[in-house]
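Take a look at these structures.
Heads up, the next two complexes both have chain A, just with different partners, chain B and then chain C.
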Partner chain A sequence: MSNIKSDTSEALTRTGSIQLLWLGLAATVGIAILMALLSWASALTGSSTATLDAIDEDSETVTLLLRTEPPQLDSTRATDSVSISLLGHVMEGLLRFDENNQLAPGVAERWEIREDGATFWLRPDARWNDGIPVTAHDFVFAWRTALAPENASEYAFILYPVKNGELINSGALPIEALGVHAVSDRILEVEFEQPLAYFEELVAFSTYNPIREDFYRSREGRYGADVEDLLYNGPFQMTVWVHGAHVRLEKNQNYWGRDRIRLNVIDMPYFTTDATSALNLFKDGKVAVVDYLGAEQLDEVLQQRWQLQRFGDGSVWFLAFNFAPDRVTANLHLRKALQLVTDPGELVNRIIKLPGNLPGESLFPVWLQGVDTFFRQEHPVQQITLDADAAREHLRIAMEELGIESPPSISLLVDDTPGAAKQAEYFQNLYRTELGIDIRIDRQIFKQRLAKMQSQDFDLAVYGWGPDFADPLTFGELFASWNPNNNGRFINEEYDESVRLAQSSLDPKTRMEAFARQQEILIEQVALIPNYERGRVYITDRRLKGVVRRAVGPDPDYTNAYITPSP
Partner chain B sequence: MYRYTLKRLLQGLITIWFIATATFIAMHSVPGDPLINERGVNEEIRRNLEERYGLDRPITEQYIIYMGNMIRGDFGISFTQQNRSVNDIIREHFPVSATLGILAIVFAGLGGVLWGALTALYRNRLPDIIVMFLVILGISVPSFVIAALGQLALVGLNGLAGFSILPVAGWGTVLHMLVPSLVLGLSTMAFLTRLMRSSMLEIISADFVRTAYSKGLPPTRVFMKHQLRNAILPVITVLGPAIAAITTGGFVVELVFAIPGLGRFFVQAVQQLDYTVIMGTTVFYGAFLVFMVIAVDLIYGLVDPRVRLE
Partner chain C sequence: MSNLSLTTADFEPIKLQRETQTISRPSLSYWRDAWVRLKTNKRALISLFIIVGLLVFTIAGPWIWTIDPSAQDLDQLSTPPGANRVAKIVAPYHPWAGVTTEPAPISTQPTWATQEVRLAEPATTQAVRLEWDPVPAATGYRVYRNIYDPEPDGALGLPIGEIYDARRVSYEDLLDLSPTRFWYSIVATDDLGREVAEYTTLVVDVVRVITIDQAVVAGLEGPNGPLELGDEVLIKFHPLGTDYLGRDMLARLMYGARVSLFIGIIAPLFFVLIGILYGSAAGFIGGKTDQILMRFADFVVALPFLLFMILFKIAFGIGPGESGIFPMLVALVVLSWPATARLVRGQILQIREEAYIGASQLLGAKTYYLILRHMIPNTLGVILVTLTFAVPTVIFVEAFLSFIGMGVAPPTPSWGSMCNEGIQTMLNHPHELIFPALFISITVLAFNLLGDGLRDALDARMRSRE
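For the complex of A and B:
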């Protein structure tokens, strides 16, 4: 009996395996057919991506990756760095940034800035990609649109220096009241709200880009939503935009400066924020640049001897305090105590450990221009000598003033990213060992961190500020009492006075002295504890040259890039 | 049968309404503010934004407006992708996720049945031990690890070959789909293998199998008609939810392989508190899941003659 059973079971195993083998083969064939069908179907929907190599010398094509999908490319409403970088390639304002990061003539061939306004003379050969000339009317329309309340532009404030800008944005005046007029097709007249020393910087910003009215109206609210919903006047034009998957820029043959543009195609068929994935694509020779490398990726980059490059992205990171009277951080001596034990150098070298980051010393970063040379060279920061004993003395006074027996417990608001957590733990450890202060780390998702900051629900917060334009004012303004980004509500009359002076004065020396005074007040009052000036590291294919990185304006910028033959 | 289907569909609609309402309430009670950005804005700009997205109205009014639009099939405009409607986002990106999901489920289903049957045949022998070891790996290793390893293997493969055999990332051709869908289907395949194995083993010693042999049927016929067909039933039961889980759960794979699927938009929307996209995708996925379950129940009736749909 048992013999028979094992016989049938052997037979079963054998025939069963053979049948499974056939089934497996049939399944493989079936899957192959299914895949062919699916790829045919997805080719119909147009979501296919090309598979050229990172650098194609023959067609002068560079293949890159994008971190995220640009939300939309309407220049009046773009706020994120991906959109602004793309706009910098396909659009051009009155002025532009050249390969040395200097302001250069864009659509305007010359201009004159006066105390009460400015005049721009437009070049005759500036054209849209359909061949029609770019006129002064296109600027008037774009600026009015950006300020129209129903357009709800987040960057509308950057146009407030133009006369009546703020009143129009609040709905108090019609958009026609804006202080900008087309005297003729080629002459643009601007009136200022008050004298303005940095208007040149502003008009290079993407919110100031031109938009042609007839085209904008023909898109019926979809301007900037898709590749056919945009008109281009920049060095490149967009020819493919598959959402979330593929953006392709091709040289704009109607661009007035087309002779200095050397790349034919910038292809971006990969969208991912995953740094490992990006490195794999680079290793496979599919993309020419990988940006936003983290400390985790550095080892591999060094090992592979890839061309590592660094640049400062212009932003300044610091610990912000809450100055609300019911918070312990409103106490000057407590802030002083924290200041005297914080060493930004240690934070940068031991915790962040990424080349390109500079220890923070001031709200005003090192790259800002002063009168003749860098602002920070003309007005050095007063150095803070670390002194734990003095710090403890300040803490003692603070405790006395606050009427508490033991060192207070302070909350520190940070993002929920691993990097932010590491920094928060560093501060927690530092203040506990040096001062006996207990730091409660409050980790929040991005939007909630911002909400808590803006509703002033924090004691200490890690905060970063990137510049909108290359003038110290973009940083100095931050601590003015009326600034919506002054989250901790630092209020100091002398400081406000000094900001107003810097806003309205046209004399560079007076302005720089005002910023120097602001720098002093911030340190004396310990309005912030500078942490670092952020750097970024990236790798590029050795054959790709002329990539421009910058702190202010479209970044990265490939308009001046070119391909050198492989060695 | 028709009455049954109709009844299930009605229940499904109620479930979807419930999902929509629960999501709406949850979303509005989560801390954070969808209109907040790194740049704090002054009151004028803030008011303009609120008006544009209808957030200046009372919450009940927002709910009524939203539900009304949803019934007409309009999910509204995305907060972050300011010029795109949520309908467009779903229409453009769901087919990608679905393609990936279908392939993954085909891999998982076929692989699971074949490996499961094989291991049952070779119970406690070498093939069984090897496959079951891999199954445990497949179930316990998280998908982001498998995805990263899969991609690394591709880079290595292309490096060895000296040219691109399979693309490392991207989307569009058969070659782009192969590895991501395998990676996506792997854990389900492992799970189904185990399920199939135990269900096969149960049936090998069942009475009707013994009867079949004693009637003198050839092993081929017994294996195909009596064992495999009956053992597959539990697999079909879990297939419905598995399809939904795979189609909606491809976020990590989509991110690593740079695939423009809906999963990425869904996760991003939650991180960004993009109200309309959260609502649209949740309701859409919810509806998808509900109808998958109904579909599986109907198919079950066809496969198993013992089940009567009433």
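For the complex of A and C:
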């Protein structure tokens, strides 16, 4: 009896399972067909309507994406590239960068730089977006605000060349002592702390932008926090700022050069750091530019036949050492050993694989201008020949000096992006196989990495430095003993002297020779191991022209962009 | 009549036939019976073989496939399995000065098209060296590279080089060269640095090469005796391909399995053991103690795992770049036992009331005898099933934690961290994601099916059905 029962139940299970199998198959096929249909339908509607989204020829509107939201848009406190790029669109300083990346008159129509100071004559038609003229007083107020100790601006140091700037920032002098005066509404007088060769570059930087005092005071500490908390004197003005979601810029009708501006609206309704989702938005025709691509995305871009462009963003990436006496990296021979096995070319060509990056050879990137031509052409870098045997000899000496038996274990501080992790694993394997040095990878999020660097909690760190102004000093200063960004505390008296000379001298030749000496010291002392000069690959809609990318100043810059009719 | 002859022997009493009392079928113990029934379950049996195979793969594999899982083969980055491995032996790389020309005489008619692009040397994976005829009135050149034909819409591809010097009419490409076909396009720039519309394209088939030194280091041999320049050799074999740093996938999977299976087996063993002790104590003692113990178990269930994992990591002083496997193990053991404890407690409570326990007690059995002889054997089925189901769960947890970077430290692989790395290149090199994901899926499925089979086989109530 029990046998018969179990047989029927067995048979039932078998037919049941066959039915289930068929149902499952039917469901899978059904879903597959549905998906195919849906994607086909979306492709049908997508290609025609979506292209209108990214670029609208009738209203001269361009839709873009932002990598992140700007923390705030107070020019005295802005430090990140997104804020600086936006400020470049809605604000204008005394000078600005034009479509060829040259300095051009901004609010100042002419100027004169002397050894002890400078005078700027402001144009009469420069106005704020409420119609009131921009005056010299607005600059005086902005510069004083940026230097006021209670404002704690991270970029206050960029105003130190102005007389008494540093003393005011440290609280030793009242802000009224700053060496800048409004002679009249239209004449601005600046006194220098010491002779200065690159002041024109500086005044184009966003920290030097004007702020109108009555408006600033009326916002009661909320200046720059929202769309109505800002006054604009640039080519565009912000009309929408939904935090975390949407920024919209529209042409400023009160801008003196409004005839030059051809776009009406720059709409930024997408915020994303993810290159894949950015690429998908571009694919769907939702955005006109994707300004950040990874090596993984390139194959798809090639397959889609999109137009790729590249530019060097001016930054230099290198391995920084910790020079604290209790760290093994303070030992010169150890650093030398690492230097002699590191091949930046291999890193760039095999590991990073993005076109546009240049193998790093020096702290001073190739694009810096020297006296007549490029600085690096006038002062070529001392070439390092890779030599694993010599490196092992240096390591042996280092181990003797440090009194250790086996190669040390070193921590490497990196960002937690996939790209950084990949490079870190490359270095880990390189130093392990060539020298037997064990590298512990310390992956941290960006803010935490900066915090750990500032507290000197690392042996080796991947460090990137972008220029604030187009002079070798922006890089050379980095390893001066007094610079707070010299995180590893590299201290070298000759180097410091050479930086002081470059800061105070007005003779281009003396200055360039000082930088050349700094370049030599850095390589002799192995203060850093250059990795690469970063390049970016980006894609632009073929109808959008005139987008300017630059290493120094607001980037990307759409103020000169225009739309060409689709063919 | 006469043929009936009786002897005295016929009147002997029949011997007691003991054989009739013996059982005709061999006696089956509980375990033997379970094994017999497990054997009839094909799925469970196959799963068991897979698990044994995985253990062999993990433990014995690295002895047979002796490749260092963190060695980077930079000549074979992200190679899929079964890729062509033929390479030509060449001399070591030597820098190339490039080609420069004198500026073209002004009298030449300005024409923007480049006349011809040539290869200065045969194109190899070491370097592709291009040179071209100077374009009159050009101020510089840009070099593009594509893996598709730029025609018809002029999609030139990757902007790999910019030359600002009009006299320089050559470019050396070193960027991520692979043995494939490239379309190189040269565009001249005008006096404002803008590209002109015309371009010239050259199709280049890149040949894979390795230098003689590399070949010697890798222990490669030529077809006839020592290696010579121009010989064709087969470079290092990677049966499952390589990852984004040229590391052997098979070796990484084996070492990754060590981490995944280690934690997947050790952690459940420990927390199931704790669960048995805790649960049987609670169930057997009963009363107030049981209440208190089980409320504490409820409290432990409510603790968040990830938070504790991080706390343990800090408490044990695990620095950055060091393996987080030990804190993970501790966190798993400390936080996962209540499920088993509840299960065992329920079983014990039930068995305690059974008649045979009462009989045993009446016959004077001691507590330890009751527990050892009656309670534990009767709960063992449940315990084993919990154990087999706990293994895949823990493997998943490990994979997940390594995926988010909380687990192993590089370069140690684990299946989870390999998935995390593979997902970056999923679209271009799917094998880097598929293999570790496949291994996780198969292992988890095998353990689950085995657990399923064990539950059926060990359930005493299902015995009568066969």
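Note that in this section the second predicted complex is superposed on the first by the 515 of 567 C-alpha atoms of A that agree within 3 Å, B and C clash if a C-alpha of one lies under 4 Å from a C-alpha of the other, contacts with A are read in each partner's own complex, and residues count from 1 in each chain.
Following the convention adopted for this analysis, a contact is a pair of C-beta atoms (placed from the backbone, for glycine too) under 8 Å apart; a residue touches a chain by one contact, two chains touch by 3 or more.
Note that the structure is a prediction, hence the values are computed from the model and not measured.
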Query: Which partner does A:N280 reach: the first (chain B), the second (chain C), both, or neither?
result: first
- prompt: Given the touch rule stated above, what does A:L298 touch, chain B (first), chain C (second), both, or neither?
  reply: second
Task: Would you check which partner chain A:Q454 touches, where first means chain B only, second means chain C only, and both and neither mean what they say?
output: first
Message: Going by the contact rule stated at the top, is it chain B or chain C that touches a larger number of residues on chain A?
response: B
Message: On the A-aligned overlay, A:L308 touches which partner chain: chain B = first, chain C = second, or both, or neither?
response: second
- prompt: After superposition on the shared chain, which partner residues are touched by A:I351: those of chain B (first), chain C (second), both, or neither?
  reply: second
Message: I'd like to know which partner A:N485 touches here: chain B for first, chain C for second, both or neither.
response: first
Task: Kindly classify A:E425 by the partners it touches after superposition: chain B alone (first), chain C alone (second), both, or neither?
output: second
- prompt: Which residues of chain A are in contact with chain B in one complex and with chain C in the other?
  reply: none
Message: List the residues on chain B that touch chain A in their complex, please.
response: 31-34, 36-42, 44-45, 47-49, 51-52, 80-84, 89, 92-93, 95-96, 99, 102-103, 106-107, 110, 114, 117-118, 121-122, 148, 151-152, 154-155, 158-159, 164, 167-174, 176-178, 204, 213, 218-220, 222-224, 227, 255-260, 264-265, 271-273
Field: Interfacial residue positions of chain C with respect to chain A in the complex
entry: 70-72, 74, 77, 145-148, 153, 155-162, 174-176, 192, 244-245, 319-322, 405, 409-411, 421, 424-425, 427-428, 464-466
Message: Under the definition above, what is the set of chain A residues touching chain B in their complex?
response: 8, 11-13, 15-17, 19-20, 23-24, 27, 30-31, 34-36, 38-39, 41-43, 45, 47-49, 51, 65, 69, 71-72, 74, 77, 79, 149-157, 166, 169-171, 221-225, 229, 242-246, 269-274, 276-277, 280-281, 283-286, 445-448, 450-451, 454, 483-485, 487
- prompt: What does chain A use to touch chain C in their complex?
  reply: 2, 6, 100, 295-296, 298-300, 302-303, 305-310, 345-346, 348-351, 353, 355-356, 411-413, 416, 418, 421-422, 424-426, 428-429, 432-433, 439-444, 537
